[in-house]
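The following block contains the structure, expressed as structure tokens.
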Amino acid sequence: MDASFLQPIEAAVTLSVIWIGLGLIGLAFMRAPRLVSHAVFPAGALVSILLAATGLWAIGAPPSAAILPAGLPDLPFHVRIDALSGFFLLLLGGVSFGISLFAVGYFRDTEAATLGQLSLQYHVFLASMAFVLIADDAYLFMVTWESMALSSYFLVTTEHHEERNRKAGFIYLLVAHIGAISILLCFGVLHGGHGDYTFEALRAAELSGFWATVAFLLAFFGFGAKAGMLPLHVWLPEAHPAAPSPVSALMSGVMLKTAIYGMIRVIYDLIGGIRWEWGLTVLLFGAATSLFGVLFALMQHDLKRLLAYHSVENIGIILIGIGLSMVFVGSGHPVAGALGLIAGLYHTLNHAVFKGLLFLGAGAILKSTGLRNLNEMGGLIRYLPHTALYFLIGALAISALPPLNGFVSEWLTFQASLQAPLLESSVVRSLVPIVAAVLALSGALTGMCFVKVYGVAFLGQHRHELAEKPREASRWERAGMLWLAAACLALGLLPVFMIGQLNNVSQALINAGLSNEAMASDWLWLVPTSSAQASYSPIVFLLVIAVVFELTYLVVRQVYHGRLRRSDPWDCGYPEQTSRMEDTADGFGQPVRQIFAPVFLIHREIPRADDPQPVFKQSVQDRHWYWLYRPIARFTEFLSGHVGKLQQGRISIYLLYSFLTLIALLVFAQ
Amino acid sequence: MELLLVLGVPFAGGIVLGFWGHREFAPELNSGMSLLTFLAAAVLTVHIIAGGPILVWHENFFVDSFNVFLVALTAFVAFTTSLFSRPYMRIELNHGKLSPNRLRLYHSMYQMFTFTMLLALLTNNVGILWVAMEAATLTTVLLVSLYRTPASLEAAWKYFILCGVGLAQALFGTILLYFAAEKVLGAGGSALLWTHLYEVKDQLEPTVLGLAFVFLLVGYGTKVGLAPLHNWLPDAHAEGPTPISAVLSGLLLNVALYAVVRSKVLVEGALGTHFAGHLMMGFGLLSVVVAAFLLSRQKDVKRLFAYSSIEHMGLMTFAFGMGGALATFAAMLHMTVHSLTKSAIFFTVGHAAQKSGTQIMDNIRGLIDSNPTIGWGLMLGSLAILGMPPFGVFASEFMILTVAMHQQPWATPFLLAALGVAFAAIFGKVQPMVFGTATAKRLPHPPALIPVFVHLAIVLLLGLYIPPYLAEWYRQAAQLIG
Amino acid sequence: MNLPFYTQLINLLAALLLLLAFAMLTQRRILSLINLFALQGFVLVLSTLVVAYSTHQSHLYYSALLTLILKVLFLPWIMHRLIHALNVRWDVETLIDIPATMLIGIVLVIFAFNLAAPISQFAGTITKSTLGIATASILLSFLMMITRRKAVSQVIGFLTMENGLFFAATSATYGMPMVVELGIALDVLVGSLIFGVFFFHIRETFESLDIHHLEKLKER
Amino acid sequence: MNIASGIVFQVLQSVLVVLIAPLMLGWVNQCRAWLQNKSGAGIWQPYKVLNKLFHKDAVLAHNASHLFRSTPYILFGCMWLAVGIVPVLATSLPFAPAADVIALVGLFALARVFVSLAAMDIGTSFGTLGARREMMIGFLAEPAMLMTLFTASLISHSTSLATIVETLGHRELVIYPSMAFAAVAFLMVLLAENARIPIDNPSTHLELTMIHEAMILEYSARHLALVEWASSLKLTAYITIGIAIFVPWGIAQAGDWTGMLIAIAVLVVKLTLAGAGLALLETVSAKMRIFRAPEFLGTAFMLATLGMLTHFLLER
């Protein structure tokens, strides 16, 4: 492709519009469900991969912009693609490719009418996300931002016959809308009264310190609500499980990332002049979010809900990276800032990949067994070997274990936090490593959580008698998971390529990238600052383990023997090993529940000693409902109650209102 | 010529349907008349856009971009509503809620109501404007009380008394206006003509005009539904036949606001201050907030959307109050999209209520199952009215809010909080009606839902793309009054 | 000069109008209320005639005629018929007791005079000092509508307000243009007819004309 | 540096450490026996056990998956890599840049996750119990460990162990008070991570107290042998990390053959002392209830944090 004929922006716009077109085709041909599932969705996947290529192209290319012939009369839709947008488009395209492939298989048995609607909403969702990433004026951004919320809302409520899903959808859209209001307000503040609402004008507007901080807080709140940041996360564990699994994957994997994109776009690009206090805010919220997310994830037994809480956690980790970057940039250390930013962005990509994979895995389980409750699963590795393998890769990646991708970005975040001695303020300097410790804690807890998930779901004995033997996922589904699992491996083993791309993004945003020494290192070694400070080579890492594995295996066989005998499990000789003696998912989380008891709101029903049919019940709830949301709802009710009293049905009173209004105005007018 | 048709067709229609309004073909006749009116209005609009403002019949009628825009909107929504009312009123007749005589009254008054609204919009005479507004009130009182149930009588009575008293204040304001104008323009007809008044607006006596505006605002403001003068509005919307709720919300409120805006321009010209604008902003903001908080207490679906109308009228009043080209532009766009969306919502709500046999929201469930088009219509309509992009309501709200943030930063938190509360309230109530398991039955006549989707499609279009000629038209109008 | 005399006459009639407005405010009986209303209409006709004669405004004669027919003859007649038919001759109960209403009324009158004072100085008409009285009577009838419990008396209050407006129009500007006058008269006429129809329906539905039956639609 | 000699050094160090790891365990056990007034099984006992286990036929549960069978090898591979990275004898090893201290912690976590998963594979009550407890200890110990390492990293401005050793050991002697805190914290983590008293008791199979042993109940023969070997490697790796950070003197540079010989001698002394110390600690303390472990490790975390704060306050 010659750049003079086609700009990245044109490609991106065209592809997004094709997505919308595909959605409409899906709706139009909803009487031919085979066609929709086996032609429209694969075509969507094709668009995804092209979009990813466009994104990659745009990272390296100079920014290109265009104006679309639509929008408000004084503010037509401006679109622009730069390195940051390019990176996120790459993320969107790359992840949605796998998800769309999976969707082909997943939706193949869906009812025709629903499939038509799904196709429209799904592709509009994708397209609106793409447009969010390339929007270059406040209006287009808001329109696509809310379209994204709206289309995903309809996807969440696909199965609206369940009360839970309806409630989830409502909370989701409400929080999204409130967040959007805050973002809108932020644009208003940024605008500052001059020019129009293109990002270019917003960028150029000079804000005083106070208003810049206000704008930052509004953006942080608004995008934080979408990202699922504490304490605005409540919608997330409700909405993600409610949606069909490919949609959960898309929401968790990609949609949350648009919030990160928005945050970076507004804070770094539009507001500019970052202060370290802002960074500290982001950092602390990030740390709290990540710890809270993983603690609640450990309390869950609904697989998709658990994964949703992990999205909260990972958003926290991303925010830690970005917060670090802001602290450094705000204190005048752009190189360290670039490291933090790259760590945050890389984790954004990694999370998208492995969380997408895990949600797809959960979808595959749901589809073949009909189960979402971990306490009823068990031993699935024997029925779904492929899914089990992909899920294992995802689980190891999310647990930040080397040599997979999750570890790389957490490692980079740690490296960024270890730049703390650069900072002048001793408070911040000591806070940063503590945040790093929190990150370590949540990383370790994630490991525990995924041992729980994998151990309970795939390993052990099955706990629930299924009507028929679970069937392995279809080819399309497996292809989708394979794509993402391969991405987990590739991003984990060859991080240097992507770090190089991210360096471009950072150069474009904060005019600083990693140090020259870091960029000079070859593909084998990941070096954040200098090789004396730290380095990491996942390939060597993996190779050594693999070689030792193989050698040991051979040597043991050579020197001794490979004889094997099968028998019943031993288990200290206890007889009657039933699946009821295994830990359930709830049981596995018990140590955490006990250690962090004050964090949770625990309700227990303990049977009495003489109960003939003893039942033990326990539920863990989120305190935020009671601390934050209930009081707000009550206060609104209280206000509306009082306003309602004004209107009491008596016409004389109404006349009196008119009369008093008139008198008051007359007095005022005089 | 078109003007004659625009006014003559509905007037004649009112008389003709007064005789034949109970016949089998009456609903079609009603639609036909409305279609003719709409076509005439369309031709008129084209002429005005192409040729500029016109003054006809001894300057008694005046058409410029501002009012022709409202005329077109009024005629269009009146036409689509008449389409909707065809099956709707037949079903009501089948359900035994109406007698053929009442149906005759309904059809006749429907046309008369259209006529009075168009008259109010087109006249150049402040006095005739008042007369038309009063006549519009009278016709709608009859329409609201059509079912003769206790609730509808109560609603109509309140409507009648409150708006009657309100309009009496407006008449006093008109008298004061005439009083001031007479000094400059001399006694006789010309002193009440908008065109003449505008020409001399800076010579008019400010003290008198200030007082006149207070009376006009209280008067027409009652009709707009500005808090705390709004109390008739939810009752009247909830108890009348649904087509009437649709035109009340979608059109009559606009016409009343039109009167307020015309007065505001005049008064601000005379006073040279922002007095009138500030008053309008205050009332607008109060309405938005009060309505938002009342929304969450509603049980009746039509009442719910009536309060939503108050909220939106408040928003428009606020925007017109701020003045300036952009805010006025936004307010007019909001007028358009609100009319279209709100009437579409009432169409779907009407059928939904008919299907479920109740207007109580708790008893309406699962519309999307029992009738997907009604369900989707209501869902999309509600989302549109809540300002969800990509619908056009968002476009206008975006402009209003951004201007507000710039010009009246103190007001924006209130506006935004109210919008948030309104969102939670309306959406929290609409969602369970649309989703879930159905409780509805089949209707004897297939519902007319094409108008719903036509309206929503236009609103969607306006959110993404405002055609240049439309924008130009709005701009001209904004120039005129901004 | 004759003018002072006419001015005096008009002032006298204006005072009478205000007096009647007060009388209606305090009147408990519906029948007397209707009579007072008719009387007020008559005073209005007189004052209009005086203005018309003194200023040679010929269209005011038509106005006066219209008022005479509509407000002195037709409406009181209709209302008499109505209360016969509906049998609602009992006393009017007020929401606020009469002395309190009177006090408020007086405050309102002072307020209205105060309000009208700056305006009437711009007026070139012989009747300029009566503008305050017109305003006062409008406010008083507003007050009456607020305090009354019966539908009929509310409507009378409404029509009294119309009287006040008419008086204001005459006194401030020698009346509105004829088209407008006719339109207003038509509206008043149709409005009254609708009121009449409503009385029957309300009576039929609630077996009373007491508006406390009409308090069902509310937000509580 | 010569690549070839680097690789020789690398292989030499790895093989050496892998071979002496069971000896280390035997030494600790022997010391413990002596301290408890027993005669002990001798320091070579672990080798005999391993040999015996390798000879036996492996017994697998019917429902064991591939994961279960490959875990011992993975575990062994991880630990091998760990001792390859830690500068036990020399810095500037060719593999050393492959992982820094954070990656090392990640490596241990990887091993832990695999062991726990394997423990849950069969679906027995003890297996899941052990996995749960192991993960609990793990998530408590990991942050404390990282904080300890961060203190050292902040002093040397590097997370690379080689650089840390060079900074702390090969330059002028500076007294770092922060390192004292870190050392205590590290010791506590070491005890917890290697299934030692007071967190776990490596020599008991009492079901209520088992952690590590509960997880490997289902392993037998060569699998068990590899697991046991890996745990002794892990203990050695931890001790050598401790040595590298807190008492790095004597570690050679790669390619320096004389230094290497000195380093081996110094290492033997250090390990002997460390093993004896460990045995002493285990003898004088009692095992804790499982839910006292959070307090224990919390203290470790606090100490490590304090160490870091001390660094920021006193040493800049």
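Order of writing sets the chain letters: A, B, C and D. Residues in each chain are counted from 1.
Methods note: a residue touches a chain if its C-beta (ideal position, glycine included) is under 8 Å from a C-beta of that chain, and two chains touch if they have at least 3 such contacts.
Nothing here was measured: the structure is a model prediction, and the numbers come from that model.
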Strictly by count of touching C-beta pairs, the top pair is A-D
Farthest chain from subunit C by C-alpha centroid distance is chain D
When centres are defined as mean Cα positions, the distance from subunit B to subunit D in whole Å is 78
CA centroids of subunit C and subunit D: separation to the nearest Å works out as 101
Cα centroid separation, subunit A vs subunit D, in Å, comes to 35
Taking each chain's centre as the mean of its CA atoms, subunit B sits from subunit C at a distance in Å of 31
Residue ranges of subunit B touching at least 2 other chains are 157-158, 161, 165, 211, 294, 297
Within subunit D, the set of residues that touch 2 or more other chains is none
Contacts with two or more other chains occur in subunit A at residues 643-644, 646-647, 651, 655, 662, 666
Per the touch criterion, the pairs are A-B, A-C, A-D, B-C
Subunit B partner, complex, touching residues on subunit A are 69-74, 113, 138-139, 142-147, 150, 157, 160-161, 163, 166, 169-170, 173-174, 177-178, 181, 184-185, 187-189, 191, 193, 197, 636-637, 639-641, 643-644, 646-647, 651, 654-655, 657-658, 661-662, 665-666, 668-669
As the complex stands, subunit B meets subunit A at residues 157-158, 161-162, 165-166, 169, 210-211, 213-215, 217-218, 222, 228-229, 231-232, 275, 279, 290, 293-297, 326, 368, 372, 383, 386, 388-390, 394-395, 398-399, 401-402, 405-406, 412, 416, 419-421, 423-424, 427-428, 431-432, 435-437, 463-466, 468, 471, 474-475
In their shared complex, subunit B is touched by residues of subunit C numbered 115, 118-119, 122-124, 135, 138, 142, 145, 151, 154, 158, 161-162, 165, 168-169, 172-174, 176-177, 179-180, 183-184, 186-187, 190-191, 194-195, 198, 201-202, 205-206, 211, 213-217, 219
Given the complex, residues on subunit C that touch subunit A span 95, 111, 114-115, 118, 142-143, 145-149, 154, 211-212, 214-220
The residues of subunit A that touch subunit D in their complex are 378-379, 381-382, 392, 396, 399-402, 407, 411, 414-415, 418, 420-421, 426, 429-430, 433-434, 436-438, 440-441, 443-445, 447-448, 450-452, 454-456, 459-461, 525, 531-537, 540-541, 544-549, 552-553, 556, 559-561, 563-572, 574, 577, 579, 581-583, 587-588, 590-592, 594-595
